[in-house]
Structure formats: structure tokens, C-alpha cells
Amino acid sequence: MRRLTADIFDDGVISRASLVYRTVEASFAIAGVGAMVLDTEPDLPPGWSTACLAVDIVVLGFFVLDWLTRLWVIPLSVDGISAASARMRWLTSRASIIGLLSFVPMGLAAFIDWSATGAPVLSILWVVRFAHYSKGIDMLFAVFARERQAITAVLFMFLTTLLTGGVLEFLVERGAQPDHFRSVPQTLWWAITTLTTTGYGDMVPTTSLGRLVAGGLMISGLIVFGLLAGILATGFAAEMKRRDFLRNWDLVAQVPIFRDVGPGTIADLANLLRPRELPGRTVVARRGSAGDCMFFIVSGEVEIQVDPVPVRLGAGEFFGEMALVTGATRNATVVTRGATRLLVLDIADFRAFASAKPELLDIIQQEAGRRSTVAAGSA
Amino acid sequence: MRRLTADIFDDGVISRASLVYRTVEASFAIAGVGAMVLDTEPDLPPGWSTACLAVDIVVLGFFVLDWLTRLWVIPLSVDGISAASARMRWLTSRASIIGLLSFVPMGLAAFIDWSATGAPVLSILWVVRFAHYSKGIDMLFAVFARERQAITAVLFMFLTTLLTGGVLEFLVERGAQPDHFRSVPQTLWWAITTLTTTGYGDMVPTTSLGRLVAGGLMISGLIVFGLLAGILATGFAAEMKRRDFLRNWDLVAQVPIFRDVGPGTIADLANLLRPRELPGRTVVARRGSAGDCMFFIVSGEVEIQVDPVPVRLGAGEFFGEMALVTGATRNATVVTRGATRLLVLDIADFRAFASAKPELLDIIQQEAGRRSTVAAGSA
Amino acid sequence: MRRLTADIFDDGVISRASLVYRTVEASFAIAGVGAMVLDTEPDLPPGWSTACLAVDIVVLGFFVLDWLTRLWVIPLSVDGISAASARMRWLTSRASIIGLLSFVPMGLAAFIDWSATGAPVLSILWVVRFAHYSKGIDMLFAVFARERQAITAVLFMFLTTLLTGGVLEFLVERGAQPDHFRSVPQTLWWAITTLTTTGYGDMVPTTSLGRLVAGGLMISGLIVFGLLAGILATGFAAEMKRRDFLRNWDLVAQVPIFRDVGPGTIADLANLLRPRELPGRTVVARRGSAGDCMFFIVSGEVEIQVDPVPVRLGAGEFFGEMALVTGATRNATVVTRGATRLLVLDIADFRAFASAKPELLDIIQQEAGRRSTVAAGSA
Amino acid sequence: MRRLTADIFDDGVISRASLVYRTVEASFAIAGVGAMVLDTEPDLPPGWSTACLAVDIVVLGFFVLDWLTRLWVIPLSVDGISAASARMRWLTSRASIIGLLSFVPMGLAAFIDWSATGAPVLSILWVVRFAHYSKGIDMLFAVFARERQAITAVLFMFLTTLLTGGVLEFLVERGAQPDHFRSVPQTLWWAITTLTTTGYGDMVPTTSLGRLVAGGLMISGLIVFGLLAGILATGFAAEMKRRDFLRNWDLVAQVPIFRDVGPGTIADLANLLRPRELPGRTVVARRGSAGDCMFFIVSGEVEIQVDPVPVRLGAGEFFGEMALVTGATRNATVVTRGATRLLVLDIADFRAFASAKPELLDIIQQEAGRRSTVAAGSA
């Protein structure tokens, strides 16, 4: 029981149960945030407000339970230290603190000013819970960190343009519309809606000169935005390349047949392979479909459904290379038996690579020959 | 008759007739959608509504006919299986289902609530018909699939920012404008128009603090948008490269003179060549124009209009290399004789490649020499 | 006189006179367009309208004169054919037709409906005149042509989303606002202002469901825009690379000392060098400034201002390599003597290249040694 | 005292004191600009206006003092010339002129029309002060310079589209709304708010044809914007690559153990290493954290906190390679002793490089062996 629960909560393992649990957790958080947001509506039908409160209390209870369960099972996921110190270390981890923030402030707010002020603000904390799971969010922050200097420069340009535009427009337009363009802070509000091309239309210049300044500000907005997109595109491409390489290097090093190839070839392979994580009982390749990639097993086990007896392959073995070499469709369906990590070698990369590194093609063919012998013997 | 019709409907073959038919089909769909959309206008001149209905019925009939004809001719496009099983297989294909969706629901809606509700919704199905033909749409989906994780992260950032901005603005602005910023759901509407920089102007903050929150939201919108553009740019460049390589590899392998070059050279060529598909009687190169590329014929036939007798080249031959080597203008006009697939080698790539792979230059020169002898002999 | 005029009008030659003339031409066109646009203003001060008309007539006369002069001098810019056939060929060129379009329709419109309708429309033709000179415009069109398929797919997505959003919003919102969301065409207007995030605010959904659809449409707008930016970024980068290579290859082939290096090295150099065109009497490098690049002369002549006698270098020679090797500041000011085309080798590329191709470094050092001997001898 | 002040003001040296001073300077400028902007608000609470004036006078005084102090200490930062000529040269530098512009015009404006007109305009000069420090701003300008031609072409397209759209809309819409679409200049205002997708909503077309033109203009706006983003992305990526290479080349050349490797390897390393500047007493690596990079010391000194006696490393030495090779966590905390410049070699790059250049791995291992012997001897 406790072992099973531990597996569900362990981020490093991907099982059906843990995927289901994450979906349940997300549904609770969404329901809770929805109920809180809805509860602020003043003219709800009678009874809805009570229903919203009930939903929020259930969600709150769920998060308390989630946190306590994680505290209970955490020692099973950590080796070599006592249960007490594993719990103590987890208590100060990011996961635990995010968990605590999901219910402690919310519970305190209940005694003060529940639905009107506190709750909507705190509901944001429930959304932040999920940032913890998203690998993509980490990546976006890495891109921001990498392009820190350039982004700062763009924001600086943005602020300088904003101030310049606001001050000029104030001087130009205050004569014609003293009510709207009354002061620089007031005009800065107009300037930001114009520079970001939002354009509410609550303040609109009417003089020719004022419109010229406004036009310049809009074009500056497009340029600033274009620069920002360019900077983030450059940073994203660079970060992407770095991550893929690191991740693949670690995975390639775990495949036995690649242990004897030189580090140069491993580096090349790490640039070519793309990882794929699959839960159990999932179809990897279907008999008769186009064979456009081959697979290396990093961990877990797959079953090749051939007659009379299915062949099982485990960590360090590979499959799907036949369809790739001959260009024919898959001649067997392949299904994962448990959570499995695969490395996928695309047909485009395979062809380019096979021509540049003939020795690797040999390794794969020898291994394929050896395996078919074993399979024949076991049949 | 049936064979001709089959050719028109076969997606794999490009003939004048099939191009014309696709244009006709597109015109029918556009006319039908236009008529449906127009028909919802309440104060149309008398008679227009009837005309719209007539157009829609004609278009509907055309789509029924199109589907039936395709069902009739499909056995001619498939080899090795019986007519009945070819039809059965086609019935469950994407093309057939899109065809059925074009008229079955439309016909049913006619009995219920034609012009007011059903028809406009269903007209969307007529637009979707064409997604089937567009290779570009597939590519966009591949880009989305490739950048799934990063796009999810951006949408997550977007939603978090939206909720945070909406809640803050609600707390800050509800005092000053209790009518507009009445509840969090109401304020979320304002937040999304601001974060996407749409700015309708139906709800505009008036307090200083509310405007600060709004300014922050607008800038966040620009950053989210910049990130999205960056992610999609990165993914698009990568997908583009992969597709070009795969497509060209398949085409290069069909050119006879490239059969003896090693796989490394084929991989290099696949990176250089760009494919071009042309219908019959089209001018490929005009005498006297600048010679900025050479062509390899993958399938079909071209005619080089030289005196006294035009030379015909078929699959596996090439032309246009003279102007490329000497830098002179084209010395003959080249016209396709039927639907032709060409591979284009750009002058820039040719020069770089010829310096790196002198042996390929030899092959091309030998072939050119052989061909000019043949041409002289045939004259 | 006629020779001088021919030089001014020849696009291939860059002289001070031709630069001045282009600026004058641009000023005339801008003044003409400005006068036409201003003339449509109904409550201009008395006399302004007459002044606008006068400006337009002067500009029109200028364009007539420009066209006639070009016709007169064109034979001097073309070799090997008779004056009459040179003129005949020019008459059908793009430059001549744009010139004719600048005054023929304008002159005809004068007899019909000058300032109210015809003139503003025709003034657009005066703006188009300049597209003829801009090399950048050609490049933008090449990018569009290259990414034709992907851009079509995005526009298709755009239209499908527009129609879907418009139809859904019509069904959802017509109950609450029958005046505004009266019909699908009416709602499509709202949809396009929303999907492009323009947001005029003349039609705004008020129901919850209508706002959900609107929110979806805005986010789709950001995604479509991001895709477009990504596609154009990819195409622009590819086109840029292709152009630079072609242009540089042609220029490198004109420098004598590169004639003996192999084509591989020329291809590498073509990737490194960047061209620069300068009019006469312009400072290329100033004594004492940082030496961050070296220069190769493609055509024209420069003067190195050293004591006692300045050294003159012509086509095929190079300078600025000393500061590059030693990292010191420039030890002499270099000035062009007439219109000069240079190839610039950046310090970053120079260092990378010198390490990879030591033989080229030798060629440059020998040439530098030879030149300093000559310089010493001439002193 | 004067030496210490000189260090604070020297841009080339990074010390805690200079970082603090820059922050103070920024705070003063922000406070000054804020006070000026606030002062234009007509209905401020009594006394606030006086407070704003006081803040501005203090800030003005600070900038005078800053300029005078820089003039006083500048001779200490420059070697080999007399104090007078160092000051004279600095007086004409960009830094000095920006300093003068911060207070001279401001002081003059005080006598004329302080808070109403002059001050807000001049406050922009205080913002520009900081552009001087931002390396990112220089880079943005380099990107603009590099893509000059393409950006000009886009702006030209923008203006042509603007004029075409404005003129067409004027002709189409003036019948229905003669008040709003009164003249071409008036309609150009509408056109620019539409083309930039700002959409104030003060002028909105109501005819079907007018809305078609508007829709086309909005889509053109997205395309122009997408092109701009693409151009700036391409330029930014190219400029980034150039800068990183140049900066790293200079830094790598200062590390002694790289002196004997060939220039090819230095060029490769310059592409891999990333520089990091740290003030004194900063933790570079913490014991127990993941070892994902190694460091080379360019200047300054770090202390490796091992028992019993900490080891100090200076310019030309390196650390952190153990954790990198073994993949274990850091086995010691490393702290800078003063301002230190480091080159960081990322684990991803290290693995790729070690496989391609085994000889460099040898150099690093020998050096590591030598150093551990020294460390053991000193222990």
C-alpha cells in the first residue's frame, strides 16, 4: 500500500497510476480556482455561492491530504538516510513549500475575509502548484536568464520610448484636450496603451502633430516587439540545442552496444537521437504502418508480437531497424510492458548517419543478427 | 472516360485536368460558403435569399457527385486488390469521411433549421475540405507537435499571468468602477483583451494602481507573444530542414547517374537539391534568360528547343548545366511535355559543391559529353 | 554633358552626382504625394489648395523630364547595339514603364476629376517608383516566394479560424445583442478585428460564452502571428545566406591574389567577406581608430595617407591587415579616390580563418611584404 | 581617498563599491524623473509640488557633483599622459557630454518655464544617462546597422501599404461617414492605427467594402510585423555569434595553459567558453551542488575551501573539472577573493570537445595532477 502510494508520488517514475493521479490533482486545482473566481460574482443564483464554498473546502482538504501523504511516503523514494532526515529534507524542498502555500494561507484567510478579497488572490497559489511539474517552464526561465542582458536593453528602450512619447504627446496635445492629456502621468497611460498597440480608445490624439507622435510610437512598438521576438527566438534555439544534447548524452551512455564506440560517435548520436517516455501497455509501432524510425530501449521492456512466441526486449536492446533499412512497413506490433524510456532514431538522421559512420551500421547489423539467432533459438 | 476521371481525382498525379478540377472544386466551396454566410443577413434585397439557397443546393449536389465519382473510380488508382475492397478501404479513409461530412449533416439540417443556425455552422466543414489538399497544414501541425512541451509552457504562463492580472485588477479597480470591474470573471474578460493587446476599450482602468497593473499585463503580453514567436520559429526551421532532407533523399535515389555515387554524396545532394513540380507545356527555362540553376528530371519529359530537331530528355537526365558552368545566358528554351518532377540545383550550391566534390563534376561532364554526341547523332 | 547625365542615370555606377540626383528625385516624389494628400482636406486655408496644385504640376513636369532624359542618354549605357534599338529595348523595361505610369495616368486624370478622386489614387504610383531602387524589396519578395507554401497554409488557418470564430460568435451572441451581431458577415467583421488583436471596440461580446469564444480567437490570433513570424524568420535567414554567398563569390573572383587558391578556399572566403560600396573622397579607416577589419579592393582606388607620399592602391590590392595582425590601432588614414567597391574581412572571421588556412595567411604576408617594398621604393 | 573614488568611477573595474554607486546613481535618476513627471499633475495635494521640486534640485546637485568628481579623478584611470590632457580628452568624451546634458539645460530651464514644459522634456536626458552603461543597447544598434537595408525595405513596404490603404478607404468610406473619413490625411490616421493593429475605435469603417479594405490592412500589418520580427531575429543571432567569438578569443588568449595549443583549438575554445564576471567574496560553486561546468580564471583570485588549508588559485588556473569528469557533486566550495573574471566551460560542450580534441584533455589532466601535488605539498 505505502510502496504503491510512494510510486504514485515519485516524480522520477512514470506509471499509469501516477499519470492518473496528476490528472486528478490538476482537476481539483482547476475546480477550486473556478469556484473561487465564480464566487466573486455578486448576483449568482441562490445556492451557487454555498456550492462554490463547498468545492473550495473539498479542494483545500485534498491538498492537505496530498501534502501529508507525500510526507508519509517520502522515505521510500530516498535511499541511504533515515526516514526522519528524509522527511526533514523534504520539508524544506520546493515541492513541500508549494504544497504548504496551497493550504496554509488559504486556511488563515478563511477566518478574515474569505470570498471577497483573500480567496481570489490565494487561488493564484493553486495555479503555481503546476509550474512545479512543467519542464517547459524551467526552460523558459533558462531562456530569460541566457538573454538577460538583451532583454534588459529592450525593456530599457521600451521605457525610454514610453517616456519620450508620453512627454512629447503631453506637450503637443494638452492644448486641444486639456481634460484627457492633463498631465504626464495621465499621458503615460495613453503612451503605454499605444506603444503595446493595445489601443483602448479612452484617450485619442486629435491634432495632426499629436497623431504623428502617436504613429511614431506605434511603429516603435512594432520594432520593440520584433526585437523581443528575435532575442527570445535566438535564446530559445540555443537553449533547446544545449538541453537536447545533455539529455541525450546521458541516455546514450546507458545503451550497452554504444559503450565501445568512441566518444566522438556518442556525441554525434546524442545530437541525433530523440527521447520518448511511454507508460506500460502502449503501442510503440503497429504492424503494417510506415517504418520511419528505429528505437533504442533505455529502461523498461517491450514485447514484439511475433508468432508463435512474442519476443521481449529489455534495456540496451533496440528494434525497428528492419523497416528502416528495407523501407518496408512494420512487420510486427511492438507494445511496452511497463513504463519504458526509448531513444528514437529518425529515418532522415539514420540515412545521413549510416553513410558517414559505416562502422556503426556494422554494430547494429551484428547485434540484429545475434538477436534473430537468439529469437529463433527461443522459439 | 473512367480512366481519365480517375487521373483527375488521383492526388499523386499532377495534370492540367486535375489542376483545373481542384480550382473548380475550390470555387464551388467558396461560392457555397459565401452564399450561406450572406443568407444570414436579415435585410437582404428580395430574391437574394432564394438565390443563396439555390447556390447552396447546387454546391451540395456537386459535393455528392464528387464523392460518388471518387467512389466509382478509386479501384483504378489502387493495384493488386479487388474493386470492392479498394472501395471499402477508401470509404474509411480521411478523404471519404471529409467528403461525407460535406453533405450528410448539411442535408439533415435542411429539414430542421436551415438558414438560421445549422447552415452557417456546417459551412465550416466545406472550408475544412481543403485542409486535406494543403501540404503546408500538415507541416504546421508537425511544428506544433514538435514544440508541444514549450507551447504548453507558454500557454501555462499565459493563463497564470491572466489569472494574476485579473485578480489584482479586480481588487484594485472595483472601488472606483464597481459596475465594470464587478467580479473576477468580469475582470478576466478585461484581462484577456489587455494581455493579447486587443484593447476593446469597453472596460478601462482609471486608478493609478489599476493602470500600473494594466501596463504590466500589456508588457507581459508582448513577452508571451515574443516567446511564442521564438518557439514556433525554432520549431519551424527544424521541421523544414527534416522535411527537405527526406523528400530530396527519395527523389535523388531515382536519378540514374547518382546510383553509383556513395551514400555520403547522396546525403549531401539531398541537402542541396530543391524539388519543383510542373504541369505539361510549361516553360522551364527561356532562351536568353540568366542561367542560375540546373535541373534533374525525376519523372516526365522535357523538350529542349534547339535547331534543327528539338532534343527530348526523360527521367534520370538533366539539363541547364552549361549556362551554370559558363555563366552565360540560357542557349535554348526548355518546355515540359507532360507533368514533370524536377530537382533544381541552385548556382550558389553548385559552385560550393563542385569545389568540394570534384568527382561529381566529372560524372556530370561525362554525361553532358555523351548526351551532346547522342544529340549530334540524332540531328 | 550627355556623358555626365548618362553617368547620373546609370544604376550600376555610384557617384556623388547620382546619389544627389536620387535624393532630389525622392524629395520631388515626397513633396508631390504630400501635396496631393493635403489637397483632399476640405477646410484648408485659402490659397493652400492652389499651392498644392502648383507643387503637383511641378513634380509631374519633373517626372516627364526625367523620363525623356533617360530615353535620351540610355544608348551611352549600353554597348554593341544601335541607339535606336537601345531606346526601343529600354521603352519596354520596368524602369521605363514605372516612369510612364508616374505621369501618363496623372495627366489624363487632370481633365476629369483631379483632386477629389483620381489624384490620391495615382499618387500611390509615385511611391512605387522607389521600389525600383530598393534591393531590399526584391529580397522580401524572394522570401515570400520561398515560403509560399507555408504562408498559404497560415493564411488558410487564419481564414478557417476567422470563419469558425465568426459563425460561433454569431450563434452565441445574437440573442443578447441582435443589433450588433445581426448576421454572419457582420460578425466576421468583429472576428477579424479580434483575430488580428486590433479591437476597435465597436462590437464587443457581453455574454460569458461569447467572451470565451472571443478569448479563444485572440489567443489563436497570437499563435497565427507567431507562426507567421517564425516562417518569415526562417525564410529570411535562408535567403540572406544564399544572397551573401552568390554576391561574394562574384566579388572574390575579381581579386587577383585569390585567383590561384582552390575553389574550396574561394567558397570559404565568399562566406566570410562582406561587401561595402563607397562613393569617392570617403574615409575608409581613420588613423588611430581600432583596427577591426581588413579590406580588399574590388574596383576603384584608395589612397593611404602616409608620409611623405601617399600610396595609392587599386583593384585587386588590399589594406588594413597590419592593424588586424598586431591588434594595434590604424597607423594611417585611408580615403577612396572615386567610387570604390570593397570586400571587408572582419577580425573575428580573420582569426578563425587564419588558423584553418595557414597558406592564405602566407599569400597575404607575401603580398604585404611586396607592397611595403614598393611603397618604400616609391617614397 | 582619490584612488578609491577613481576605482568607483572606472567602468573597466567591477568592485562592490562601484556596483553600489551605480545603483545609487540609478535611484537618483529614477527619483528625479518620477518627481518631474508627478509635478505636471495639476491637482496634486498641497505641498507635493514643493517636494517634487526639492527632489529635482537634489538630483540635479548630485549630477553636478558626479560630473565634477569624474573630472577630478579621471587622470588616475589613464596612464602615460598628463593630468591636464587626460581631463581635456575626457571633457569631449561621450560620458562627459551626457553628464553635462544632465544638468546644464536643466539649470537653464529653471529660469524660464520650469515645471510646465521644460522639465518633463529634459527629464528624458536623465534616462539616456543609463544607455551609456548598457552593453545591450550597443548590441541592439549593431543589429539595426547590420539589417539596415532590410529594415528600410520593410518600412518602405509599411509606408506604401499605409498610403494605399488610406487612399482606398478614403474613397470607399467617405460617402457613408463624411465626418470621420473627411480627407486623406484624416484617413491615414485611421490607417496607421489599423495597420499597427492598435485599433483605438475613434474611426471605424461601416460599409462592407470599407471593412474589406480594413481587413486587408490588418492582415498586412501582421505580415509586416512578422517580417520585422524575422529580420531582427536573423540579425540578432548573427551579431550575437560574432560578439561571443571576439570576446572569448581575447579572454582565452590570456589563459597560460592555452598558449601552446594551436590557433585552431583556440578558435574552437572561443566558441565554447562563456565569460562570467564576479565581484569579491562571491560563491562560485557550492560543495554538494551539481557539477555542470568548469572554470578558467582570467583575472583575480579564488579560494577553494578544502581542509586543512584553503587553496588559492590565480589568473591562468582552473577548477571544477573533477566534478565534470566524474559527474559527482562539487567536493568543495569555491569563493572569489576579489573582482574575478572567469571563463565557464559547460558540461555539454566539455563532453563534445573532449571527444574531438583528446590532446586538450591531456593538458587539463596534467595540470590537474601538477596542481594536486602542489596542494598536497602545501597541506
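The chains carry the letters A, B, C and D, assigned in the order they are written, with residues numbered from 1 in each.
Assume contacts are C-beta pairs under 8 Å (C-beta built on N, C-alpha and C of every residue); 3 or more make two chains touch, one makes a residue touch a chain.
What you see is a predicted model, and the numbers here were worked out from it, not measured in a lab.
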Same-residue or different-residue interface between chain A and chain C, half as cut-off: same
Identity of the chain that, by mean CA position, is farthest from chain C: A
Chain pair repeating A-D, as identified from B-D, A-C or A-B when over half of the contact pairs by residue number coincide: A-B
Inter-chain centre distance, chain A versus chain C - centres from mean C-alpha coordinates, in Å: 41
Chain centre separation in whole Å, for chain C relative to chain B (CA means): 29
Of all residues in chain B, the ones touching two or more other chains: 185, 197-201, 225, 229-231, 233-234, 237
Residues of chain C touching chain D in the complex: 33, 36-38, 40-42, 117, 120-121, 123-124, 127-128, 130-131, 134-137, 139-140, 143, 155, 158, 185, 189, 192-193, 196-202, 224-225, 228-237, 240, 346-348, 351-352, 354-356
Complex interface listing, chain B residues touching chain D: 197-201, 229-230, 233
Touch list for chain D against partner chain C, complex: 149-150, 152-154, 156-157, 159-160, 163-164, 167-168, 170-171, 182-186, 188, 194, 197-201, 204, 208, 211, 214-215, 218-219, 221-223, 225-227, 229-231, 233-234, 237, 242, 245-246, 249, 262-264, 266-267
